[in-house]
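Chain nomenclature is as follows: A, B, C, D and E, assigned in order of appearance, with residue numbering initiated at 1 for each chain independently.
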Amino acid sequence: MSTSNPFAEGTDDIERKRMIGRVFVAICFASTLVGIVALVALIADVLYESWGWVTWEFLTYPPSQVIENFLPGGRGAGIYPALVGSIFLIALTAVFTVFLGVGAAVYLEEYASENWLTSFIEANIANLAGVPSIVYGLLGLAIFVRGMQLGSSLVAGALTLTLLILPIVIVSTQEALRAVPDSQRQAAYGVGATQWQVIRDVVLPRALPGIMTGTILSLSRAIGETAPILMVGAATSLFVAPDGLTSSFSAMPMMIFEWATLPEPEFQHVAAAGIVVLLTILLLMNAVAILIRNRYDPRS
Amino acid sequence: MTANAGGPRTVSKSETDDFRSETEQEDAPLGTPRVADPVIESRDLDVYYGDEQALHGIHMEIPERKVTALIGPSGCGKSTFLRSINRMNDLIEIARVDGELSFHGKNVYDDDVDPVALRRKIGMVFQKPNPFPKSIYDNVAYGLRVQGKADDVDEQVHTALERAALLDEVEDQLDSSGLDLSGGQQQRLCIARAIAPDPEVILMDEPASALDPVATSKIEDLVEELAEEYTVVIVTHNMQQAARISDKTAVFLTGGHLVEFDDTNKIFENPESDRVEDYITGKFG
Amino acid sequence: MSQAEETAEITTGGARGIDDRKNAAIRYVFFSCALVTVLTTLGIILVLIQGSVEFFQQVSILEYLTGTEWSPVIRPRSYGVLPLVWGTLIITVGSALIAIPIGTATAIYLSEYADPQVRKIVKPTLEILAGIPTIVYGFFALSFITPIIQYFVPDTGTFNAAAGAIVVGIMIIPMVSSLSEDAMSAVPDDLRNAAYGLGATKFEVSTRVVVPASLSGVIASYILALSRAIGETMAVTLAAGMSPQITTDPFEPIQTMTAYMVQIGISDVSVGSIGYQSLFAVGLTLFAMTLSMNLISLWIKSRYREEYQ
Amino acid sequence: ITRGKDSGLEGEIRMDGSNTVLPHGAVVSEEFQWRNNQVEIPVRGSGTGAGFQRFCGGETHAQNASRPILEEEQERCDRNGIEYVELETALDGIAVFANPANDWCESLTVDELARIWESGSDVETWNDVRNGWPDEEIELYGRDPASGTFDYFTEEITGEIGNIRSDYAASADTNVIVRGVRGDRHALGFGGAGYYYENEDDLKLLGVDDGDGSVKPELATIERGEYQPLTRPLYTYFRVDALARTEFRRFAQFYFEEIDGEATEADIVRPGEELTWTQWAARRVGYYAIPDEVRETSETKLADAIAEVQG
Amino acid sequence: MTANAGGPRTVSKSETDDFRSETEQEDAPLGTPRVADPVIESRDLDVYYGDEQALHGIHMEIPERKVTALIGPSGCGKSTFLRSINRMNDLIEIARVDGELSFHGKNVYDDDVDPVALRRKIGMVFQKPNPFPKSIYDNVAYGLRVQGKADDVDEQVHTALERAALLDEVEDQLDSSGLDLSGGQQQRLCIARAIAPDPEVILMDEPASALDPVATSKIEDLVEELAEEYTVVIVTHNMQQAARISDKTAVFLTGGHLVEFDDTNKIFENPESDRVEDYITGKFG
């Protein structure tokens, strides 16, 4: 049998394409690195600026305008009320968004028929997702703070953030619902379940990981928003953590913004320390979301 | 055909004079035999998906406690017909049904029929095994719970698993997930789930097509047994399977026409229509 | 079982069907949730229009839309919004120039070349970039990016459009890379196999099959990223400055619409003054801009769905 | 976690207003809350204008302002039946500064400043300001037009609020102005004097000459009223009806109480000085203490207002 | 089998003495006939997916310009074998190949074989029609462009469409999207695309299984015609189809064993193995 290689012809051309291909992969890989390097640089920059400033006192004391209070031997100063404020804010926002977001998504995916109203609502949601956050700030100020007389309270802030991330939560929940195989719904309908039973027993449990992932990721966006809570009126300086729905609140991005504008250069480090705390919470939230996603990923 | 409702009447294929004339009923399949006291009876049933007509004037009478097989090439409307029996088509937004489909003489498309109640009478098993991601026990119990038949769940679950010929294999792992079973076991689990609330009719849409030969033959045995207690309507693309397990066979051909409906033996040995013959001998499909 | 009994069991017998009332109630609850989003849009439009009406009672719309000087507070006052629109455009275009090539190349790498394990880690890691509070980007720009720019272009001031565009560009990379990667992964393997079967190299499969096939999804991701760039606030407020001007020099300070809104939002201008009302006019303009971007992306997406079945 | 001492007083006092004055109000309330930890004082810095909007709408109890209340704001207060007492509580010096590498300019006259900054100015280079100075373009940095600092600076220097050239680099964050001037050899900027003193190595402070010779903004020159015209008063407004509440009354009075031992710090309190909280706080955050005469006037006004509600 | 290389030699099934003994070659299928100057020859071919072995020691010789059909129940490894011919299995990360598969005597798994060059010689058509979302013209031209056969693209595109029996139907809409065609047309478009760069062998993996009967019969006719110029290897699950169109048939059974390989007539009329007989008569599958 002939041992000549019948595939030798044209391999130069293939080799040349392979070369181009390798250069191309290198470019793509380098691009991927750009994002990662930027992230690392950003985190390194913040860590460097904050080195030594994130202490236990920083986490547990009220803020101060006086830099000495942040230093060892000072009276103690930190981010405590804003930290608690942010956590309360996010918890409250989570409650509102899960209720509204899941409700709206279930309506759109499971109940709504394909008519103009549904497409209008969906287009509207897509549009809301792209509305700048500062515009939500104006809305929150007009509706919740003034209109509903809630004042610059925790609940007003949470409602504003709810509206801000609601579109994202709805869309990600819709995706999670869509990922529930129809065969599951049919199985339930087939044994005589009503629509609500199908949704409650089959669709929602199955979509839950997806819903949680989407919601947590959206919440982690909300926790870092400055412009809307600035408009709604988070307090800049607050001695105590909020203790009720209608109490005043402060939030970490507000504190960071304020510290960064103070004259003493050391406050830049305080601001950086605040950023570290904020990023830590944010990364934790992302990690939880990724964990859930990977754990329940139907593809894995 | 409403005249039929009166009582049992044995009608054999040979009574050809009993057929309405071709001009009266253009779409009536060749050789449609009258059935004694049919459980399900479809008359002039048209189904549309949007503007596409998927079924054209289907006439069929499905006998009680028998296995009726629906065969035909892909896309001919077998599943569509099956789904129109228990109104699963309601769930497809663009699906629309014309004509009559009656269950014990009551048109299920009448306004006063609750499709949920209907489905509680007519269970369904699908092509791909689709157990819930719950325990085996909860899978079977699900139908009982939603139908409010919650007393003696334990016993009913056991009975259903038994009838589905699965109890022996899973008896000591009722708490493990239904998804951990093999494909064939999953399908039998789905059958157990469908029969647990004790429906009258069981619809099966290619229940074995995703399974290996061994699992397939278990399902086939099971289907024959089920016919002792239930009316079974089964879609299959495997003609040998239809020949093996069914009493009646309906042959649909492309375009959504029911071309022939008769005793299975007749269909396979001596079909009226050439197209059916071609189909059965594998000239196409 | 008699026929009548049978029938009775599947009919509603004049009453409502199984749990029908409950189902209807539940449906309304869910519907109201969906309605909230519509009310939100209405609310935004009402709030913005109400403020803008007062503004436009004093300023002609024509002047607003065509004027090239923006100084509602500094005398002589002028109310031409174009410098703010220009600033927004510079940031948007600049960040697009960064995010689109990098994000697309990243998406190709992740979808076509990277090991699934790598993708599983890198994709969410990059997504963190989009989740980092934008105020952090502002400081990052001032303390890191601007000095680097100044090293290469010594005349650059502290605030400059370039630094703003770069950080916004970095921030939106993951929107492009993740959404484009989704679109590329959604390209059925069938198509890749078809091309391999014809003797295509991997490079050709990626660039001449996958990218074209996912193009509409990819473009939709660009538009979403751009509309995020348009709406970006704190980073540009801090990095790009507050000097509304129409300049083509990226190393000059500019002001975006959002930065102007923050400025007024926390300013000492008295509420009810024209400076304050201009906040709503600018907000309305911004809303109109993002609205049109989003409509374009919706339109592209609807085409995209068609193509895939 | 609660810090500080419980004095038995409790309640909520909402403070808003200028974000320039915010650190001052925040320090006073911080000290007050360490001593009365059940009194909650959220302090915000929405800006003088937005602050008055809320104050006159009855949403807040105390208002920081970097300018006196405007007529239309006053009308709003009247409409809503909000009676207030306006107190001068601190002084701010607006510093003019340049890059440390600037070796030609030591001070500027008010007239020169006006020529540089006024709207339509034809000053492009340092040489246009004064003959003999380098023929290099001046890079200008300053507070944004929506700030009280800006209002005061433009009014005093160019004679009219908002009369300023539009091609300067504006920022709401004075630190950013500092950075700008620091990085640019030919820069000139203005901002709160406190920012200069926190960045002395990076900036060069210029004197301002309004005809009586060049004066630099320093503690002494500002508190003695010699740094003119760029010394400006900062105000705190209290709602009169709220003074009926014990904790609010105590808080307002706290501004004019003498500091206690805990607060004494050598670089803030010079030997022999007796400071009240408002004076101490002003210096603490980079502003200047009001002279004792002003303090007495303010204190009296407050006492009168208290007498009125209790009356 | 290297002895075969010498030249054309007609080998009929009856030359049974030519077979290696059963002990020597346990896995050799029953009735494997020698083929005159086979284009593709597989020897002892094992394919693994991770730890799972999908093919066991496959021996097969595929004759030139003939249609060779691969049949067998689902999951028996038909597609796997097909993909191992043009090394499409390289694209499946966990796939691993042992043994020899030669094309004109050259083992395609040798290190000096470029799979891209290999695939230019061996075209492929898949189960689901998979036109690119491009114009009809660009679909067909794609292979030409990729392979640098870019002169006279117009003519080559027309020829390919002609050979794929599609030209008449699409001649005046070459610029419209390939996705706008019907399923059957799409599949013929894919065939045109595969033959445009003029390969020697065409592999087809159930090319008609997603199509309706009419489209199927068109594809079948086409396959027979193609065999005049190309060597065709076709996987099908439809035994009648294999019987109709192929010259040789290979029967794979579950577990990845090639059980019988012979002339199609022989396989369908008088198979050696009982299992093959059972399979063909529809006892399972």
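The rule is short, and it goes like this: a contact is a pair of C-beta atoms (placed from the backbone, for glycine too) under 8 Å apart; a residue touches a chain by one contact, two chains touch by 3 or more.
Here the structure is a predicted model, which is why all the values come from computation and not from measurement.
Trainee: Any chains in contact with both chain A and chain B?
Mentor: Joint contacts, listed by label: C, E.
Trainee: Could you give the fewest steps needed to travel from chain A to chain E through chains in contact?
Mentor: When the steps are counted carefully, the minimum from chain A to chain E is 1.
Trainee: For this structure, I'd like the pair of chains sharing the most C-beta contacts.
Mentor: So the chains sharing the most C-beta contacts are A-C.
Trainee: Please report how far chain B has to rotate so that its Cα atoms sit on those of chain E, a copy of the same sequence, as a value between 0 and 180° in steps of 5.
Mentor: With C-alpha atoms aligned, the rotation comes to 175 degrees.
Trainee: Using mean CA coordinates as chain centres, what's the chain C-chain D distance in Å?
Mentor: 38
Trainee: For chain B and chain E, let me know how many angstrom lie between their CA-based centres, rounded off.
Mentor: Each chain reduced to its C-alpha mean, chain B and chain E end up 37 Å apart.
Trainee: Quick one: report the Å distance separating chain A from chain C, using the average Cα coordinate of each chain.
Mentor: Taking the average C-alpha coordinate of chain A and of chain C, the gap between them is 15 Å.
Trainee: For chain C versus chain E, what separation do you get between their C-alpha means, in angstrom?
Mentor: Distance between chain centres: 49 Å.
Trainee: So which bits of chain E are touching at least two other chains?
Mentor: 116-117, 120, 147
Trainee: Would you pick out the residues of chain A that each touch at least 2 other chains?
Mentor: 14, 194, 197, 260
Trainee: For chain D, what residues touch not just one other chain but two or more?
Mentor: 19, 45-46, 172-173
Trainee: According to the definition of touch, which chains form touching pairs?
Mentor: The list of touching pairs comes to A-B, A-C, A-D, A-E, B-C, B-E, C-D, C-E.
Trainee: Provide the residue numbers of chain C that touch chain D in the complex, in ascending order.
Mentor: 69, 71, 73-77, 142, 150, 157-159, 237-238, 241-245, 253, 262-273, 275-276
Trainee: In the complex of these two chains, what residues of chain E are touching chain B?
Mentor: It is residues 73-75, 210, 212-214, 216-217, 238-240, 254, 281-285 of chain E that touch chain B.
Trainee: Residues of chain A touching chain C in their complex?
Mentor: Chain A residues touching chain C: 14, 17-18, 20-21, 24-25, 27-32, 34-36, 38-39, 41-42, 45-46, 49, 99-104, 106-108, 110-112, 120-121, 123-139, 142-143, 163, 166-167, 170, 194-197, 217, 220-221, 223-227, 230-231, 253, 256-257, 260, 271-272, 275, 278-279, 282-283, 286, 289-290, 293-294.
Trainee: Where on chain C is chain B touching in the complex?
Mentor: Those in contact with chain B are residues 3, 6-7, 9-14, 17-20.
Trainee: Going by the contact rule set out above, which residues of chain B touch chain A in the complex?
Mentor: For chain B paired with chain A, touching residues are 86, 88, 91, 93, 116-117, 119-120, 123-126, 128, 130-133, 142-143, 146-147, 190, 193-194, 196-197.
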